[in-house]
């Protein structure tokens, strides 16, 4: 079962992955956007780290929903750009999805991510194939749900989700962007990976901590 | 990267601080959340105009806060739209009951952040309307895309609509006028060089010694195509013709023209472009009734130019001529 | 070299053509010899102000022709002083009997060409006086040199003295005021990049990735020394302190401050410099009473900044505040 | 004896030398000035060529003084900068010096150049050692006069003048400029040749046509 502490481990890991890949994300955004996706996400996740750390003792026993909502508010108020409202809305919906629960089981996690996807899609009005983070996110959500449904354990299902996210990100490369800044490039957006799809890959990669991975790196 | 800055994180806030220190009679700012607003408190009940967007486009928008234009501006990080908190706080600060018009440039991030702020403000019972500026003809406009970017037309719109608000027009009329202006203004730009986003530290794109990016926006994003260097007259025609076509300008029409530098272009070159623009329009029987030539909506230190034409009528020209007093645009007072 | 120009030979004339087309109510020009003058003919008998110098410093001087500033400006080739013919013709055009003040920046070429014009005009019985602006503290002032260069102080002087002329002051008083202003204004500048003179086609000097030229003038000439890149605050102090020292500014003094971009510097960065300048002066008890922040006297597309301080008094501030209406400076009308 | 036609040949040759060395002069000016000396001088001498050519028939029989005055006026009205008034004033004084003469002998030529020097010095207030064109010009004038005084023929005396001008130009290299734009550089002007001193070298080099040299190059 996943509790608030485990969710925090996930967010810490995500912040770390974003920080490490900041320049990579910005460079991708320079090619078909405005060269700030890494900077934006890093600013946001550093601010998230801040609330995780600062309130370590205080909110040790807040519910998952409260944590997710706080994360959403931080992302919305710190990231800006397109990715702020998109990830922010996703986390807001995740918070709603987990409701009053203190502990989340595998099903809850799958539903949490799925709710996030819906929020992201409603906010951005993008669909599969528009060359956005949705291309990675939606595939990850499907893979996670069906793998769990087929009876695979969480760890394996998350691995499936990560592969699917990566594949979704890869598949953005040949596409012409129809949403976001890259869409202004028309034909010239073809041949380049969408930066948001990669930050989404990291979101799921970080989620491996739900299956007991990755904590070793963190206090 | 060589820039006149201190820490990369402080570029936006220090620049706004400088703006406010240099114009204490005109503007003030609040830090958390961050926004700029008029120093003179509104006595009369007027519709307030609030805009904002990524920074790096100075004087837009902070330079247009003042009498006859904006009531508040929300600066985001460089090239990153402001967040809902900023917009919500700015609106609350300048709303005096007559309602607020949000002026939003059409970028996914801007639209979404203003939308979230809008939702919050409506929940709180504040009268808010929104106009989206999407004047860049370099971008194809289609149901399957996010539509055109908002560029130079924003400046003209803020001036004209600002004058109407100052005249006491109500929110609905102000909004209708804004829509009307947005529907009649088109722009196109090009770059001779890229800009360098401070947090990235290197140019966003690399241009060859003899290359020009045609159809750029205002974020150092690559344009629609890369062409070999051309004389200014040819380039001016390449920017002007698509605008004329899109607005279906014909003989007898009147326009307000903006020849805008992208931040690193000397005024001398902008006037060379204006010269040709005037000639091209004159040949077609189109009269430039008013004009602006200078750096009005920029992309950091990018070298380049954009042309904006607004199909004018009596009403629009009358609002244009009304006094304005901001740090970047001033006449009649 | 990538610039928004057509033929190199036409840069100056096409740019002035653009200026005049964009400001038909303000300025006109004559071609042979080449000069720009006010469109509205002087009805009252006022002292006329004529300036000029090499081109490439736009908006200086053509952008300052108009009510409350210059009556005519003589643009030379890029960075090359105008020739006597231009000056003589311009003076004759705008003199209405009250005499003419020539405003000359202190460069050997400018001084000599204005001097020759002066001789010719005096032979023809026209009342002419001259003021030389030499405000650049980066240059050592000594009997054995040509003295300091004229830079940003020129803009402030043209505004203040222009107001006095508009008020009907006679030539002698106008000249005395000009001398007084020239004696109280000092500047210093730096460059982050060189500029490219069109006829040369390549940058005048080469700066390393992390180098700054300190003490540059306005012609892309190398400065006094080359230093490693520094934060804006440090650089601002390096420009400000020598000016404070030279003017012997002390607590209680008032100044007019100009933070001037060299043509390729974004406004955002100029405000960062202004922020620090304001702080440095405030710490010393010196009050900035009025300011200008922007591109007012440039070096083509050079990236850089100059700071100018004018020790102000009541009279100077009063003239500063009087209305001005030129293409580059406008208030009060 | 040197008549108007021969003076024209001199000026044509000077225009040619300036044109050929335009970029060199500008490059020198870029180092310690404002990168326009070659452009300025070339603009002026091309305009001089124009009056020589255009009025070929008309002024074939104008006096030397008239020609020199016309050249002065063209330089003054076309060159601008420092070099325009300096060379312009020099030619104006040359015109005065040759008076009504139709033909100039060696003495007249020497006096003509000496009068030019005086004009240049009065206009620019520079003296030997200030790192200007005067450093070349003054040495050339002395060499020419003394060589002629010592009884050497014009050709050899001109050759002496040219060497002296070159030497004067070379000597500007180690100097700190005290006049003109380069003076703003202070110490940093040291180690670079003064551009005007080199355009003066060409003025004397072109004068070899007075001794029958160089015309072959021109119609």
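Letters are used for the chains, namely A, B, C and D, taken in the order the chains are written, and counting of residues starts over at 1 for each.
One rule holds in what follows: contacts are C-beta pairs under 8 Å (C-beta built on N, C-alpha and C of every residue); 3 or more make two chains touch, one makes a residue touch a chain.
Small disclaimer: the values here were computed from a predicted structure and weren't measured.
With contact taken as defined at the outset, there is no chain that touches subunit A as well as subunit D.
The minimal number of chain-to-chain contact steps leading from subunit A to subunit C is 2.
Averaged C-alpha coordinates give centres for subunit B and subunit D that are 55 Å from one another. The distance from the centre of subunit C to the centre of subunit D, with each centre set as the mean of the Cα atoms, comes to 32 Å. Centre to centre, using the average C-alpha position, subunit B and subunit C are separated by 29 Å. Shared interface positions of subunit D, i.e. residues touching 2 or more other chains, are not present.
Shown here, the protein chains touch in a chain-like sequence that does not close on itself.
Against subunit B, the residues of subunit C that register as touching in their complex are 2-7, 11, 14-19, 21-22, 55-56, 58-59, 63, 192-193, 209-210, 212, 229, 231-233, 235, 259, 263-275, 278, 291, 293, 295, 298, 300-301, 303, 305, 327-328, 330-333. By the touch criterion given at the top, residues 33, 54, 76-85, 107-109, 112-113, 115-116, 136, 138-140, 144-146, 149, 197, 199-200, 204-205, 217, 219-222, 224-225 of subunit B touch subunit A in their complex.
Subunit A meets subunit B in the complex at residues 26, 30-36, 39-40, 43, 76-86, 88, 123-124, 178-181, 183-186, 188.
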